[in-house]
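Below: a set of structures, written as structure tokens.
In the two assemblies presented below, subunit A is common to both, partnered first by subunit B and then by subunit C.
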Partner chain A sequence: MNLKFKNKRIAGILTILPKRVVTFEEEMGNYNFPEKKSLRLKKIMGYNTHRVAAEGQCSSDFCIQGLQYIFDNGLLLKNEIDALLFVSQSPDYFMPPTSNLIQGHFGLKHDTICMDINQGCAGFELGLMQAFMLLEQESVNKVVLMNADVLSPKVSIHDRNSKPLIGDAAAITIVEKTDDPEDIHVAVKMDGTGAKALIIPAGGFRMPCSEETAIEHEDEAGNFRSLNNLVMQGDDVFNFVQREVPPMIHELLERAGMTADDIDWYMFHQPNKFMLNKLADAIGVPYGKMPSNIVENFGNASGVTVPTCISYNLGEKLEQESYQMCLAGFGVGLTWASIIMKVGNLSFNRIIEY
Partner chain B sequence: MEELRSKLAEVLEEETVNDIDVLEDFEYWDSLAILGIISMVSENYKKTFKAADIRACKTVGDLCKLILG
Partner chain C sequence: MKEQIVTILTELRPEFDFTHDGVDFIEEGMLDSFDIVSLVDELESHFGIKIQGIDVIPENFSTLDKIETLLKKSGAA
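== the complex of A and B ==
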């Protein structure tokens, strides 16, 4: 689906990371593989340290911490918020929506549209799309987009496929109206036939958690996990990304009347270094324009990786400068989405810890 | 065929590989090696394989037959 917006901008980005740092080596002993093989995996995939939430810390806690920081530092007034979007796969409860809980925590005005969106790897792009759509309304002037995931508790410690890369984090992005009429081009694509390539099988209504679902089984690669755990078909996901993402980016560039060189930064979802380098090769982008250093430093926190990538690699520079960016996310759903827009002159672009 | 063997050797971090070599006997044979092969084949031979296709091969010869077949 091709979409186009005008007169919208990102006003600020705050990334909130857990304080706890876990190293690859610390967890390596839990895997059923010789050390030498695991160290090769570390090197090729670019794994090193990842940030993991403390026991009991939920996605919403990171959002609340971040919003409190934003209010305390005078970066946004409470009554300016017209919509509060919470994009996550780790809500506090099945009901009520976590966005309502956060609204209640801060006592925000009743004229606030609260909305939970169940999206993962493409959650930043889908969240921005929703924010842009809301901002088409006369009465909506500022949208707070919260991307947050704490999925590490759902990954088996005996799963070398997913454990070394999982990260927990949240990001708060303020999206607002602007007079700048520059076009924002968006592409969103979905393929539900691949929905089970990334799944937590048990714990929902279809398969409630039970003693049985908690039993760990070995897969064909030598990983152990239960039905309560996140499971990823790595080969299917890799093939899907390499097949679908490069043509989506090429089509989006064409629609925007640009070439790959016109983009200053390719801020992409961060599954691992290997996959990002393969994507850069296929799209025809130098590695220097597509940062791939988020997994090695912080882990992959699904929809939070793109704002983290922007905060970490550009930091305060983005408060003075403006760049043509291509944002992209791809994964669970299956969903893949991309946006070409100018991002810059932000009122803040920071990382805090909680 | 020789080119494919040398690319497989590169993925497996071996000097050379022979058709009779058993895949499971390679020091670095694991899910990462399989992903490396899937990626190498997609780049160089424009073919897409699943991990299970690669796992079904026992030897380098089986793998070459699958990839070039």
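== the complex of A and C ==
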């Protein structure tokens, strides 16, 4: 699905990271893998440290902490918020929506549209798309997009496919109207036939958690996990990304009337360095334009990875400068989405810890 | 080229003999998905080439002939 928007901008980004830093070496003894191979895994995939939430910390806690920081620092007024979007796969409850809980926590006005969106790796792009659609309305002037995930408790410590890369985090992005008429090009694609390539099998209504679902089993690669844990068919996901993402980016560039060189930054979702470098090669982008240092330093926190990449790599520079960016996310769903837009002159672009 | 491939394969999985013809490395469990990624990394360094991501599929690493074909396609001399 191709979409085009005008007169919208990102006004600010705040990334909220857990304070707890876990190193690859701390965890590699849990994997059923020789040390030499584990260290090879670390090198090739670009794993190093990841941020993990403290026990009991939920996604909404990081969002509340971030919004409080934004209000305390005068970066946004409470009554300016017309919509609150919470994009996550780790809500506080099945019901009510976590966005309503956050609205209630801050006592925001009743004229606030609260929406939870269940999305993962492409959650930043899907969230921006929803924000742009809301901003088409005369009565909506500012949307707060919250991407947040605390999935580390759902990953087996004996699963080297997923544990070294998973990170917990949240990001708050303020999206608003602008007079700048520059086009924003969006592409969103989905393939539900591959939905089980990334799944937490138990814990929903289809398969409630039980003693049986908590029993760990060994897979053919020697990883141990239970049905309560996140499972990723790594080969299938890798192949899907390499097959589908480069043509999507080339089509989007063509639609925007640009070449790959016209983009200043490719801020992509980061499952691992190997996958990202292969994508850069296929699209024809130098590695320097497509940072791969988020999974290495903080882990992959689903839809939070792209805003973290923007905050970490550009920081305050993005408060003075403006760049043509290509944003892309790909994974759970299966979903793959990309956006070409100018991002810059932000009111804030920071990282805080909680 | 095949000798160099065998050397690299043997360094990765010294417990297996990669010199036998007609053996499917994937079906026989001699290479798993992480071995393939490691092999790509080693082959790229050794031959000074880039293997396209879309080609990193088990079928392209199941025999010595297929690995050699892939390397030639990727520009190895």
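Here, the second predicted complex is superposed on the first by the 354 of 354 C-alpha atoms of A that agree within 3 Å, B and C clash if a C-alpha of one lies under 4 Å from a C-alpha of the other, contacts with A are read in each partner's own complex, and residues count from 1 in each chain.
Here is the rule we use: contacts are C-beta pairs under 8 Å (C-beta built on N, C-alpha and C of every residue); 3 or more make two chains touch, one makes a residue touch a chain.
For clarity, every value in this text was computed on a predicted model and none was experimentally measured.
After alignment on the shared subunit A, the placement of subunit B and subunit C results in a clash. In the superposed model, A:Asn2 lies in contact with neither subunit B nor subunit C. Legend: residue contacts after superposition of the two complexes on their common chain; A:Arg40 is shown touching both subunit B and subunit C. Contact with neither subunit B nor subunit C is seen for A:Asn30 once the two complexes are overlaid on the shared chain.
In the overlay built on the shared chain, the residue A:Leu279 is in contact with subunit C alone; subunit B does not reach it. Judged by the touch definition given at the top, the superposed model places A:Asp236 against subunit B, while subunit C stays out of reach.
Applying the stated contact rule after C-alpha superposition, one finds that A:Ala221 touches each of subunit B and subunit C.
Overlaid on A, the two complexes show subunit B and subunit C touching the same residues of subunit A, namely 37, 40-41, 44-45, 220-221, 234-235, 238-239, 242-243, 274, 278, 281. Partner subunit C is touched in their complex by these residues of subunit A: 37, 40-41, 44-45, 220-221, 234-235, 238-239, 241-243, 246, 274-275, 278-279, 281-282. Contact residues of subunit C toward subunit A in the complex are 32-34, 37-38, 41, 50, 52-54, 56-58. The touching residues of subunit B, when paired with subunit A in their complex, are 13, 27-28, 30-32, 34-36, 38-39, 42-43, 48-52, 55. Residue ranges on subunit A touching subunit B, taken from their complex, read 33, 36-37, 40-41, 44-45, 160-161, 220-222, 234-236, 238-239, 242-243, 274, 278, 281.
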